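Heads up, there are several structures right after this.
There are two complexes below, and they share chain A, which is joined by chain B in the first and by chain C in the second.
So, the complex of A and B:
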């Protein structure tokens, strides 16, 4: 049954991969002279072992949900886009540019927040949409153009933050003006986790439905499967490419808005913290499936959250968690060869 | 409550079981067993960077040797929610009562936010400018490291043949401009014809650009190179390969450049941090705003390289003695910027604590370069 095979591929294969990663990583830390049992006990304690740790994990997962979509959505059309970081910083800047002047007006807070989110999504969408445009009409590799555009976006961002949009009172760390506290995104009641997490989860769910349960998504995936077939079938390939890349960029832009409006309060160099690049990893680990992005982002959030404890308790270097991420990445990608080769029970007669 | 003293077989067993569980969880037990003061140090980059973070890690290492205190450390912590959670994790999971978030960008909003949430924890922040009205469990400390830059300038001018210096700097912000200016003023106090060419790389860690800038300055004839970036390693090593003299920054890079390392400006966090801990353990209050230079022992110069002639050492040591005694004002008018405008009028002295120096936005005469 096709559905059952999907289940095996979707759950059993990643589970084997995660287990194999644990074994290889355990050997790695053992060579480093540290007891792997201590390492795993600490990682669980630091990521999911307490309410504090769980919230820590979710907070770190929050931006990754959205930046992963920036890679995962265009991937449905066979494009490898790695420019989420650029869309994120410019999205964050757009949010401040809209939010700071509006905060002085009598508009209700939710409307200001909505305006900030829309501005960030629009600007982020333009950045990655431009990548789609270059690919579709000029034949430029989207991987190269999105990476190079990221450098340009960060340079433009720095230029504006240190020049035109600089708050003159920010002396040793050039920053834009700060958003007042009352327009900042609140925490989900009963937690320290801001609402950005929910935006990310909802964005993942909606794009999953869009891709797998609408004709738009079906058309987009046909383009990803075979462009020529899509053209023969009369699908508007150019429009689809633009729409999906715009949507991916909008997700990363929204991540920038959330980072500014829920955490940092202003835009400065700290906004380029690498969430856009970690998002690429999340997307590949989730096999470019928007639904898969949710657990993978939480897993990587957990690894990041527990990294500190490994440093503090066991004296392991910070790079340990990077090694773990690297092992996970390689094993998960190579485990794709197992897909379709594992059966839970012998094949039944048709 | 007498029951508590009575040891039943059951409670003995319970105790033994708990003990063995704790022994099994060796890494946790280390913390649980200690009733010492726990101090957490947080670095924005790697702690062996030969620069900003290493200087702080050396301070933490000195604290580790003290009795009655336990140190936990975390490196490569970004100025995002990561640092907020690292601080909270140190407080909640390690029982830290004293936190040293050592990067400037940690202050607002993260340190300020947590200081309100955890009023019983003391936050010692490096670089910030604590203001009246901010939480009183927040302290900010920093040093007038431009004093030792001035001394480095004196040494540089004394050994230079081309009379051209190269300065590789991250960003044109007040702290950095002040170092460039003091270095140049120190040099020009010896020889008014020297010039400093400055190149801004745009960000704190920019190793590739730093190497390019060093080579470019060497090609333009500079024979002494110095810098203000997070990790001077690349600059110093590149300059050494080009056969140039160097002045270090943040920590000592003498081992990287045995032939060309003249001297350098170093933070003396060992002294500052052990002092803070001693005061905390003794229950002595620490001011919310701590500042100081050579006199207070917050900054120091690297030991002179063997190639520094005796006459130059004497000149620099004389200036050091005057700075320590408070008899030498670096920013004493008339001072012109490099566009010819008078920025400090004749007769005006801006001493180290002068607030005007904290918002410096010019390069002095003799510096070739622009702030924007």
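So, the complex of A and C:
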């Protein structure tokens, strides 16, 4: 019986929400004078319809996997952290700061990449770990402090990119020095998709195992369920909060490293592209479940990937995919209210 | 009139000019959000509402030729967004923070989508009052050109402060924000009161957006807002949910964001971006200093999800 309820909440409710989104968005484009059927056909073609578009989708999903964890991990402890964007940009910057000097040395490439990833994760972890610390130490709301830290982190990022770490030859768009091609993350053989996607998937899987199959994860979830009970049971609440927020920040920091070391090649303003904010919504739509993050991130990557085709073929503005994302988020989040209320079979008489 | 060389004196004048000019959107968004948060709900979607308001205000002013009609349209569009947030958050199990971020994306996307035709044309702007006629220094005169919306905000801030403290409506909003159960016991529906408070917040955010497109910078573009909507949400916390403090905090935030460019003009270029982030650092520092793991900030609405 319990299992049946999970099935309804996990599949039927989101399915209704996606259907409702399709209807609302269909009406929206129809008002704009475009046939909704054409739009949906093109969207499927542009996101999952061909090998090329599928790869595009996966590329766009890759950073979302990790930034979503930045919200999903602290959520296990009942915290709403929205600072993934800040951890991402500073993580990316840390990766360049470590990667560029090391690239000149004789170290093997994998070791340089590892150092970059660790630096990014450490810096990202510090940012969100600080949020956890403030929460534990001063009772500062983690939502507000992480929001403020995002803006502070982006300012620090801009300051360093245009000042101390600026490559003098980058004139129009201030950037750091570029990573040499040989330390960039390679593509998965046979595809255009870089290994960063795999990092994201593995990180999600490991997080799932950590949360649901270890004592650490169990303790963290007890804290999320009832702090007082956790204290009574003698759990180290402060340490758990710090560890989990650090880990969440590390995930977002790693996303920054991947964006720099696989896509951009250097750190500049393009790094703050909003992946951190979209990640928050991915986490909520996945109900803070690290495994659920994977399909949701791919779905949103698909919507983003299909934007180009809509623009070229139907002349729709590039903001169309933003509108669709917005409608989808609003409806999916509102559909939470249906969970636990729909039954496949009528209730048996008592 | 030619510019007078002011040297370092230019810095405080520029900061004052910035405080007046840049603070207006902060002021409107934060006054509205202050009332919303007082009723126990947080609307992070105001960034989207602000951008929607900027687009709707500019579009209406362009089509009708009247900037004030634009301001009204911006407010109405903002109010609709506020109602949407409030109605959806009124459903059980819907998270107001996440829904706010979703509406932020939706509002921004919709404004970009509908605003494409308004990027090029020129719409009539809002008038300004020249309060610096007595001065011979052009920079000072420029700084004292005060726009009408700012003056409206100056009147509104103490009025809201008074209204929250001394009227029946203010009392109801505060009761709902402090204890939904108590409000229910008194016969007030928390959802209905929050709907009104969030609609008001949306209206104000829309008007704040119309200031951006109709006065300063004074044209609709997709890069119009640099996060003023979301900053204003932080500003309300900085102002401890007091409309009068919202006013002073808006001036402070506006002045702080003018400090970087002003210092740059006298040759101090170090730390340009850090000056821009000064308001956020200040807010965080005050939060750290004033919070405690045992009690909350004075004036905090107990029902507010981010402070629970």
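The rule we apply is simple: the second predicted complex is superposed on the first by the 338 of 350 C-alpha atoms of A that agree within 3 Å, B and C clash if a C-alpha of one lies under 4 Å from a C-alpha of the other, contacts with A are read in each partner's own complex, and residues count from 1 in each chain.
By definition in this document, contacts are C-beta pairs under 8 Å (C-beta built on N, C-alpha and C of every residue); 3 or more make two chains touch, one makes a residue touch a chain.
Fair warning: this is a prediction, and the values are worked out from it, not measured in the lab.
Participant: Using the superposition on chain A, tell me whether chain B and chain C clash or fit.
Facilitator: Once both complexes are aligned on chain A, chain B and chain C clash.
Participant: Based on the superposed arrangement, let me know which partner A:158 touches: chain B (first), chain C (second), both, or neither?
Facilitator: It touches chain B and chain C both.
Participant: Look at A:268 in the shared chain and tell me whether it touches chain B only, chain C only, both, or neither; answer first, second, both or neither.
Facilitator: After superposing on A, A:268 lies in contact with chain B but is clear of chain C.
Participant: When the two structures are laid over each other on chain A, which of chain B and chain C touches more residues of chain A?
Facilitator: The partner making contact with more of chain A's residues is C.
Participant: Just chain B (first), just chain C (second), both, or neither: which does A:256 touch?
Facilitator: neither
Participant: Could you look at A:140 and tell me whether it touches chain B, chain C, both or neither (first, second, both, neither)?
Facilitator: Only chain C; A:140 stays clear of chain B.
Participant: Classify the contacts of A:59 with the two partner chains as first (chain B alone), second (chain C alone), both, or neither.
Facilitator: first
Participant: Using the superposition on chain A described above, determine whether A:174 touches chain B (first), chain C (second), both, or neither.
Facilitator: In the superposition, A:174 touches chain B alone.
Participant: Give me the intersection of chain A's contacts with chain B and its contacts with chain C, in residue numbers.
Facilitator: Chain A residues touching both partners: 158, 162-163, 317-318.
Participant: How about chain A: which of its residues touch chain C in the complex?
Facilitator: Listed in rising order, the residues are 80, 82, 134, 136-141, 143-145, 147-149, 151-152, 154-156, 158-159, 162-163, 277-278, 280-281, 284, 317-327, 329-330, 333-334, 336-337, 339.
Participant: Any idea which chain A residues touch chain B in the complex?
Facilitator: It comes out as residues 35, 38, 41-42, 45-46, 52-53, 56, 59-60, 158, 162-163, 171-174, 259, 263-265, 268-270, 273-274, 304-305, 308-309, 311-314, 317-318.
Participant: Under the stated contact criterion, what part of chain B meets chain A in this complex?
Facilitator: These residues of chain B touch chain A: 25-28, 30-31, 40, 46, 72-82, 85-86, 88-90, 92-94, 104-105, 109, 127, 171, 173-175, 202-203, 358-359, 372.
Participant: Residue numbers of chain C touching chain A in their complex, please.
Facilitator: Listed in rising order, the residues of chain C that touch chain A are 48, 84, 88, 91-95, 97-99, 101-110, 112-113, 116, 227, 230-231, 233-234, 237, 270-274, 276-277, 280-281, 283-284, 287-288, 291-296, 305-307.
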